[in-house]
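Once you scroll down, you'll see the structures, which are given as structure tokens.
After this come two complexes, each holding chain A, first together with chain B and then together with chain C.
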Partner chain A sequence: MHPETRKRLLAALLAAQPDTGEHPQALDEARLRQALTGTVELSPAEQALLLHDPSARQRLYALRDAQRARQYLIWKRLGMATQVSYLAAADVTDHPVTIDTHPHLTVKVFPLDAEGTRWTIFLKVSETLQETLLSGLRLLDSGGLLWLIGQVDADGELSMDWAHAESPLQRLHHYELRIEPR
Partner chain B sequence: MPDEQHLYRVEWPRLRRHLYRVCLGQYRQLLLDQLCRCAGPVSDDVTSAVESWVQAILTDLARQAQVPDAWPGWAALLPLFGNMVRLSRDLGREAEAICQAEAHGDSSHLWNVLHAYFTDERDALDGGGTWRVPIWRRLDHLRRELTARRQQQGGGEYTDLAELVAELLLLIEERKEPDVPRTVEGLLAYFYAFDPIYTQPFEEERQGIDTLEELTDLGWFDVQRAFMALPVELRQALEIRLGLRVQPLGYSPRTLRDRAERAIQRLRQALTL
Partner chain C sequence: MNCALNPAKPGTPARREVLVEFPVVGGRTTTLNHVRVIAYPDSLERVVSVPASRHRSRGAKAIIDNARYGEHKPEVDMDVVLHFDNQYFDGASFGLALALADKRARHGLAGYQGRLVATGVLGPQGAVDPVDAFVLKLTYLEQVLNPGDLFLYPTRNTTRGDSLAVLQRLRQRDIALREVEHLAQVRDLWQPGILQPRTEEESVMVERIGPITETKAFEQLGILVLDGSGSMSETGISDQPKAEEVNQAVRGLMSRLRNSRQRENFLLAVITYDHQVDTGRLER
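Here is the complex of A and B:
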């Protein structure tokens, strides 16, 4: 199923859910904040509550928006761009491709086979950028495709296997990369 | 226990979600069946159609408000239906457009009319209209200015509300704009209250799905399998509702809408949502 189809389907199902108001205090803001910053993992009961209670989700979405806006504010005050300019020179390669045009981050695209069908994406952020992080990061292209998502580790690194049919180098012919708060 | 002003100001998104569900879910057909027979400017027929629709809703809401320890929001919804003259006028004036849109399975026109009415009633009830609406107009003006600047630099519209809010705050600080919010939460509250994207539960959920999927284990949540297990006519109707398929000939809009709703109900049951 196409990710956008899945997203629309889930949204339609959740939007049809009645708001019974049965669990007004079961998942407070402090707990949701901790989950958003990645410091705790929600218990199965808390996860189920989020899926079943529209009000709990609305609180989550509002906290998420506020946290992401604060992250953008920090970056913009420090003059940190979110765009990563790069255009691919080739479609098929068995060598890693390094994108280091951004002063605060480097993206490496590692081929896992000679045919260019399997890839790993690796991101390393500078110490300065790492110190600004309120939560995790996403790396997306301007076509809306998600390349990477998660918290960088203590060394400022994050990596993920490529899960899309089109190769990352093909995408880089047409789309620019950008980082976003998670 | 929150008072009505708190409910109208702070819990407005939740009240609005209930209004959407009750007006466009449960009681939509009751209104459309009558309104679309008497489309046109305000007439006795329109007024009578709107009155019987509102009465059915008020009876339902009052029943929920009377349950012991009921959520106070149920009671706070009742006065929002109090201006029958305005509601009949707005619905009567837009009846033709509403009915045409509904014939194509599009309920956004009806909701936009209702949402504008409910927002004004809310503002009249809590006294916020005199200061809140002008502030939103100023913020919307600043948003358009930022968008134009971004487009001149080769960018597009803002698709990320968080980024827009951050840039708005910087502009507000730089210009020392008077009488507008100066916090992230303050600005976001205006977008949730006024921006059409955030006034519909479907869009609200769509904006949040990524975060929800990251924080919850949806491994059991086999959407694709449940979707494919639907009878084909229900699946097709849902695909049309979700904008994934062009409407085929041969089914009436009402049949498609009913089937899409049945499909959603079945999926929610299958996925225990």
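Here is the complex of A and C:
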């Protein structure tokens, strides 16, 4: 099993672990905040501690929720819409499709084969939006399907291969896209 | 005569895909990894997409910037998506492989058409710098390369006697070898750019003719007349200001047209109005 998959599986199992109240070490809140913003990565020891300590995980989730709320507030104050409207062009199948209907971000859908079975989703955010980001981003459609997740790079860009059976262009016929804090 | 001035003209493939392999020396094992680059000739926004790897993305973009140094539009702006077979590796010796895959995918293959393996660090402006553990890599390649394969490596890695001995054995097995100091030395591996005509005569011809535009079957003008009055700041049906809703709708229309195969056939004008005219905006 891939180490990352194993870690995610372990995290899912331990999320249901009852709190025994035994926490010889504690994770610093400042450290958790840094991890949430993506400025640092937790060390393997800190990750292990997080997996073994339900209260540390609860603190992390609470901080994450607060950060997401702050992010939404910032976007609202700046009048930044989270919806990305687009009506899919019917005649495009094997060429890249650009969705630049949002003033602060562009989504590009790249077909990786002629059959339309594999795709890459590319997101570029404006400098203005990038400056507001407290952490990573998620791009979802109104049907709840995750298109992209992660932190934009120094150029404000983020890419991910499409991992769903239905083509993204088909989804665009029925659903609207939106961004969310990670 | 080379008059292929418009890369998006009919007959141009929607995408070109090129794979170049490179050796990776690990702690316990040496393996072959590969980078696959897909280029989109009619998508010219200079996107370099490296899915799911922010760390790898930074290095790859720097390499591609160096590899494309001195190139002209439109090829230099061509969008590419690149994937590594295994993205968990360190070091920069994949630079030459990535640069070759990027060049061949964007410009099209030329010359050698078979399996291509390369190692080399790509420096500023396309210089090819030496790699670490070159002899280890050569020793591994001796086992996995086949007659007819092409292997490219930095010239500056060939100063040691032990590496020369392995290279000699590879040559004896009919494996094609090329030393590289600069990417320009292997430009025969991709098609010449549209602004790099083959002969002086062609160069003069291209300058005289200029860009060629195909005849349009139809041409449509759309004039959008948008309400710019104060009421547009009121909330619309999506809980956003009406102005924002209109803005998104207009951008949606423009985006749809831009992605149409017949995008060159549409012209758009946008006019806004208010309840009064601002004469300060009129040309006197």
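Everything that follows uses one rule, which is that the second predicted complex is superposed on the first by the 161 of 182 C-alpha atoms of A that agree within 3 Å, B and C clash if a C-alpha of one lies under 4 Å from a C-alpha of the other, contacts with A are read in each partner's own complex, and residues count from 1 in each chain.
Throughout what follows, a residue touches a chain if its C-beta (ideal position, glycine included) is under 8 Å from a C-beta of that chain, and two chains touch if they have at least 3 such contacts.
Bear in mind the structure is a predicted one, so any value in this text is a computation, not a measurement.
J.: According to the stated criteria, A:Arg77 is in contact with first (chain B), second (chain C), both, or neither; which is it?
T.: So A:Arg77 only meets chain B here.
J.: Does chain C touch more residues of chain A than chain B does, or is it the other way round?
T.: Counting contacted residues of chain A, the larger count belongs to B.
J.: In the superposed arrangement, does A:Asp153 touch chain B (first), chain C (second), both or neither?
T.: After superposition on chain A, A:Asp153 lies in contact with chain C alone.
J.: Is A:Thr98 touching the first partner chain B, the second partner chain C, both, or neither of them?
T.: In the superposition, A:Thr98 contacts chain C only.
J.: Which partner chains sit in contact with A:Phe122 here, chain B, chain C, both or neither? Use first/second/both/neither.
T.: second
J.: Based on the superposed arrangement, let me know which partner A:Leu87 touches: chain B (first), chain C (second), both, or neither?
T.: Once the two structures are laid over each other on A, A:Leu87 reaches chain C alone.
J.: In the overlay, answer first, second, both or neither for which of chain B and chain C A:Leu10 touches.
T.: First partner only, chain B.
J.: In the superposed arrangement, which partner chain does A:Lys108 touch: chain B (first), chain C (second), both, or neither?
T.: second
J.: Under the definition above, what is the set of chain C residues touching chain A in their complex?
T.: 14-15, 38, 40, 42-43, 45, 47, 49-52, 54, 57-58, 61, 79, 81, 83, 238, 240-241, 244, 247-249, 251-252, 254-256, 258-261
J.: How about chain A: which of its residues touch chain B in the complex?
T.: By the definition above, chain A touches chain B via 1, 5-19, 21, 24, 35-36, 42, 44, 47, 50-52, 54-55, 57-58, 60-62, 64-66, 68-73, 76-77, 82, 149, 180-182.
J.: Okay, in this complex, where on chain A does chain C touch?
T.: Against chain C, the touching part of chain A is residues 79, 81, 83, 85-87, 89, 91-92, 94-103, 108, 110-112, 114, 120, 122, 124, 150-155, 157-161.
J.: Which of the residues in chain B end up touching chain A in this complex?
T.: Touching chain A from chain B are residues 13-14, 17-18, 21, 25, 71, 73, 160-163, 165-167, 169-170, 184-185, 187-188, 192, 200-217, 221, 223-224, 227, 238, 241-244, 264-265, 267-268, 271, 273.
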